[in-house]
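Both complexes below contain chain A, partnered by chain B and then by chain C.
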Partner chain A sequence: MIPRFALARPASLAAAFDAWDATDGDASWYAGGTEILQVMKMGLARFGTMIDLKRVPELRGISLAGGDGELVIGGSVTHREIEVNQDVARELPGLVALEAHVANIRVRNQGTLGGNLCFAEPHSDPATFLLACDARVRLQGRGGTREVAIDQFITGPLETAREADELLTAVIVPSARSGEGRAYEKAKFRERPAVSVGIRLRVQAGVIAEAHVSVGSLTDIPMLVPDVAAAFLGAQADVAAGTFGEALAKARTRLGHLDAIGDLDGSPDFKRHLAGVMLGRAASAALSEAAARA
Partner chain B sequence: MPETIDIKLSVNGLAHELAVQANVTIADLLRDELGLTGAKISCDMQVCGACTVLVDGLAVSGCTYLAVDADGREVATVEGLARDGVLSPLQQAFIDHAAFQCGYCTPGMLMSATALLAENPSPSRAEVIAGIEGNICRCTGYLPIIDAVLQAAEAGAQR
Partner chain C sequence: MTRVETRRVTTRPTPPSPIGESVPRRDGVAKVTGAARYATDMTVPGMAWAKVLRSPYPHARIRSIDTSAAKALPGVIAVVTAEDLKARGDINLYYGHALTDHPILADGVVRYSGEAVAGVVAEDELTAYEAAQAILVDYEPLTVVVDVEGALGSGAPIIHEKEAKQGFHRGFDEDIQRDHPNVCSTAVQKFGDIDAAFVGAHLVLEGEYRYPNSYAYAMEPYNSMAEWRHGGLTVWTSCQHPFMVRDDVSHVFNLALANMRVIAPYVGGGYGSKSYTKIEPLTAALALVAGRPVKLVLSIDESILTTRGDGARVRIKTAFEADGRIRGRQAEILLNTGAYAENSPLVARKSANRISGPYRIPALDITCRAIYTNTAPASSFRGFGAPQGVLPGESQIDEAAERLGIDPIEIRRRNVVAPGEAPWPKVRGLDADLQADLSLVAEALDWASTPQPSHARGIAISASDAGSEPVSTALIRIHVDGSATATIGTSEIGQGSATVMAQIVAAELGIALDKVSLLQSDTAAVAYDRSTGASRSTTIVGLALQDAARDAREQMREWAGEVWSAESIEEARGGFVVDGVHRGWGEIVGAYFAGDFGEVVGRGRVRKVGATKQMPPFWEVGCVGVEVHVDEETGQIRVDKLVTVGDVGCAINPQLVESQDLGAAIMGFGMALTEELIYTNEGTLLNGNIVEYRVPRASDMPEYIGIIAERGDGVGIYGAKGGGEGSLNPVAAAIANAVRRAAGIRLREAPFTPERVWQAIQERDAAK
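Coming up: the complex of A and B.
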């Protein structure tokens, strides 16, 4: 049973902060509740007041209104809303593909991108992919607004740089540049991924000129692995090319040195191997998208 | 103790005005207050799908969806599928294909598939499998369930 709490239902961002100030800090924001209500049900957290963010219009909506047409996704937009959004499908198809397979349809209907990132579960699908995409989050509190890169935002398992009285109002993803492709692949046996890989590659004159790789579910937080990414630099942007095959092999070897955590989904060795398989698939998908954006 | 909150919601087309504690889930409200025990609490962590109900047409886990969040919305449960004693095409298809044994997952399966067919009246087999991915059945091995959903889609297309 979820412990009892008082409910606040603010209808604006200003009213949300007022609601917070009325609580002495014994409060939590919630939107979908798919993570926080679960934790409360398990007896791991309780709050005097829960502040429902679903009626706050400033947290809604998806637009390409950021600088340079960046993708801006409101903090309380659900996984399902992202999955069926045409702007996201055009701008960041890898995120649509990812969202179509987060947990199950019920969690996707209810759970939000902002809530997922703020919960900072080490197996988070979006956190892993958005790391590779160089995304950032906008945090707003009484004192003002700041933007934090995802790799600075997630500070530990279930820990973020967000202050308790701050809200994640939006997630901002830079628009793809010419020759850039972004993709995400995961292996999953249960609700959450066993292993996941995000990748962003930029192709110039037929060669991989820039590479970023992230891994999730492998270590205690989703993380960028720059040495793995660097293996792709200079390789031909063609999965059939010899230099690409060598680059992928080198990248997999470097992944194999990662200090992975074994869990119910498999041993560290098995999970590193799976990550290598996912890396190959993600790199191939990213190259296809890069070719389409050439 | 926190006060109750007044909510208005429709359940299977019937309007209700209720005073509820904020921590009560929609599954508990349906089962304990309204006597609608179709939605089952099984895993109680949004994994198994036995508690699936629809809120404004969207499938949610009743076990982890607050009743206060259904304020002003339309809730649909398995009890509302049959009309005037006539089973929905999906329910009939479950019988035709013997798509259940113990029956514990069936209300959730039916509601997930109802939402799927409302959104996509002619799903492919792969789309049916993806649509009920989050509903666990220990008896059937899923094949009769998938066949039943496909039959219901066909029946819907013929109407």
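Coming up: the complex of A and C.
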């Protein structure tokens, strides 16, 4: 059962921090509650006060208002809101496709992108993709506001760089440059991905000039794998081309050296194999998008 | 939107209205709007709440339990352990209808992780929960065994040191044989000369197959409420068999059946998992100790720890002639029964009966043993031992077809028993036409055409000797306004009994459906019924209702004769034509009692005589076809098309038959593809929740063709017979057979997870 707690429901960011200050720190923020309430039900966490962020207007909304038209997604925007947003569909279609398949429809309607990142579940879909996208998060506390790159933000399984009294107010994703394609592919057998791969490729003059690859649900945290990404550099931006096939094979070999963790979805060997399959599919999708942005 | 198509093939005579009509479910609106009442919704004045402390150890001796901190919490009414119950002297701690091996609370030893160790009663649920967490238990861990091979090994821990007494439910005498202390029961099915069958065979196939420990996942978790008043006990509970629970609980508390009342309101899903007794003895014991009505509602996670389905390891060997005819089959089935017997002895019996399939086999040698392990207790589960054996049995039929160069449908045609022919001695002949059903599936699957690359089709068939004792009674009261109330012990578990039984009453009395009401599953108020399971209700209770209607009509014929000094009384719809004048039922009742009052009570019964003398009362056959796609990169199997045949004799309500068939088949997808309770060797359940235990969902639904075959060949009213399990039993085998044809791999361990498929593909490629 969910243990007893006091509930605060602030209606502004300032009121949220006031609510925090009233608690002596035995408190947790929550928005959708799809992760934290489960953990509390299981008896693995308890807090004297839960501060509900759903009514805080500063955490809402999606815009292209960042520098250079960056995509800015409010901390309490739900997965479903992202999935149906036209700006996201145009700017970062891979995220729309990802959000359409996060967990299940109940989680998508209730759970938030910010909550997902703050919980830092090793199987997180968005964390894996946003790593490849070079996204960053905006954290705000009494002391001020800071922006942290996703790969600096996620510090371990269920661990982030966020201080307990800080709020994740926004997720910021740089806009795609010309010749750039971003994609995400996962194998999913249950609620969470079995393995997932995020990729960002930039094509110049028909060859892959820049590559970033992330993997999720494979090791203990979603992580960038630069040596896997490097395998693609210089390959022709055409899945039918021999150099691309060689690059993919090399990338898969390098994936195979990762220290994968077995779980209910499969052994480390199988999960490494799946990662290779997803890498191929994601790379192909990213190249298609890159061609469209050429 | 997935394409769904219904086909009906009807050769039976036309029954009276509204039989054969898909009238809307009577409970539909209430269930969709939330107005329907389940046991969870019930409260009584003065009610307190209970929670259970469960063992974290899969096998341990309990050195001591300290309840003082829990008792000291404000709002706590009682904290109860097995010692407290034993000290009273008025409670028999152990229950179980097959074997009385199950203590209400752990009696000095815990045998699985999640076993109930103590109960707490408090003013509210959260206080009870907090108090349960405050109980201190000192455990001494013991050696653990979670699998059947280990449990039969020489160094295996003995899970039940004392042999349990047989329960009140008869019929297990021959099966309770323990050649090893961890054997709960043994069932044998043996005839013919098995040695000769193998010696002269053209082809002998051998294999080892596995079927998972599973969970039925009823949306309503186990829950009950108990109240002691005036020396009697009333229990509201989510159960399939209120009368069997009544009998079981009455033994626990030494109560006369008349002082023991069990009420089962709408049951939010059963699938066998709510057959027999679960948490009712504990709830009643807590209420007795607390001196208050007590309500206990388990979570889904706790429900998983209460009852699951039997996993199986099957070693099977089948001998064939060159033309595909089966010469003999030998099998050893080991069921993982978990810590307590529950209904597994009967599951074992049925598994032994059902592994041979609907075939003409000259020699059989089948042994099925239910094995105790340190896992949650297994019991009834839709299909009841059949799918565990149909996967190996039907896989070998396909394997033989492939080796002998015979089409999979043709090899089945050469072996399947004809209508009226018994698959083994001393049982009813098959009351189904599987040759015809095979043709229906072949046509719907477009069997003769070539599927797309990476796609293939597969079929499997099965026959279950319905485990339904023909013991039911029913009362129909016809009121002075001509409306009627029927009382039956059948529970509405989502299968649609509230609708079907009303249709039967309306048809038998010739009155409008909206003039019929039903009272179900209150042991103090309704007529006796043995159980709601084994797909029996429409057939057996339907016959009891027909008999009750006949009895009411006979009484009213006498009454009409007396009242009107009639010279001729003729049958008519809704009444009699008495000397040329139509007299409705209400008019006859009123005339008999000389006023605007009175009623007639029709009594119906079914027992093991006449048409229902020979067992089984009916066969439930399964005939399923699938088309699958195999993603060889990820190992994922996708079922693109599903065809089932509901061979039900007469569909009282075709839409409900189709719902049952589709539901059964999709439930079969679960164990075939995704569902398995995964235990570590140390006895920890890794996925005891509905997030990580993956049941099928609407998005897994393939294109579906549901065929209803109505040939009037059942023992029930208008030729009806049971449905709702038959389309589950062959599903895993049909999928395995299709995957073999799609990818050239033979899957022998269900569920067919992506990794198992991937491994099989690697083995296939390595062998090239």
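The rule is short, and it goes like this: the second predicted complex is superposed on the first by the 294 of 294 C-alpha atoms of A that agree within 3 Å, B and C clash if a C-alpha of one lies under 4 Å from a C-alpha of the other, contacts with A are read in each partner's own complex, and residues count from 1 in each chain.
As a convention for this text, a residue touches a chain if its C-beta (ideal position, glycine included) is under 8 Å from a C-beta of that chain, and two chains touch if they have at least 3 such contacts.
Quantities reported herein were computed from a predicted structural model and do not represent experimental measurements.
Chemist: What does the overlay on chain A give for chain B and chain C, a clash or a fit?
Modeler: On the shared chain A, the partners clash.
Chemist: A:Thr34 contacts which: chain B (first), chain C (second), both, neither?
Modeler: In the superposed model, A:Thr34 contacts chain B only, not chain C.
Chemist: So in the superposed three-chain picture, is A:Ser267 touching just chain B, just chain C, both, or none of them (first/second/both/neither)?
Modeler: In the superposition, A:Ser267 touches chain C alone.
Chemist: Which of the two partners, first being chain B and second being chain C, lies in contact with A:Met1: first, second, both, or neither?
Modeler: In the superposition, A:Met1 contacts both chain B and chain C.
Chemist: If you stack the two complexes on chain A, which partner ends up touching A:Arg80: first (chain B), second (chain C), both, or neither?
Modeler: first
Chemist: Looking at the overlay, does A:Arg60 come into contact with chain B only (first), chain C only (second), both, or neither?
Modeler: After superposition on chain A, A:Arg60 lies in contact with neither partner.
Chemist: Scan A:Gln110 for contacts with chain B and chain C and give back first, second, both or neither.
Modeler: It touches chain B, and chain C stays clear.
Chemist: On the A-aligned overlay, A:Lys250 touches which partner chain: chain B = first, chain C = second, or both, or neither?
Modeler: neither
Chemist: Look at A:Glu191 in the shared chain and tell me whether it touches chain B only, chain C only, both, or neither; answer first, second, both or neither.
Modeler: Once the two structures are laid over each other on A, A:Glu191 reaches both partners.
Chemist: Once the structures are superposed on A, label A:Met50 by its partner contacts, choosing first (chain B), second (chain C), both or neither.
Modeler: Touch status of A:Met50: first partner only.
Chemist: Which stretch of chain C would you flag for clashing with chain B, going by 8-16, 26-34 or 584-592?
Modeler: 26-34
Chemist: Shared contact residues on chain A for chain B and chain C?
Modeler: 1, 3-4, 38, 104, 191
Chemist: For the complex, which residues does chain A have touching chain C?
Modeler: 1, 3-4, 38, 43, 104, 187, 189-191, 194, 264-267, 270, 273-274, 277
Chemist: Chain B touches which residues of chain A in the complex?
Modeler: Interface residues on the chain A side: 1-7, 33-34, 37-38, 41, 50, 52, 54, 80, 100, 103-107, 109-110, 191.
Chemist: Would you pull the chain B residues touching chain A in the complex into a rising list?
Modeler: 1-3, 5, 21-23, 25, 44-47, 49, 52, 58-61, 64-66, 68-69, 112, 115, 130-131, 133-135
Chemist: Help me check something: in the complex, which residues belonging to chain C touch chain A?
Modeler: Going through chain C, the ones touching chain A are 125-126, 129-130, 133, 633-636, 674, 678, 686-687, 691-692, 694, 697, 753-755, 758-759.
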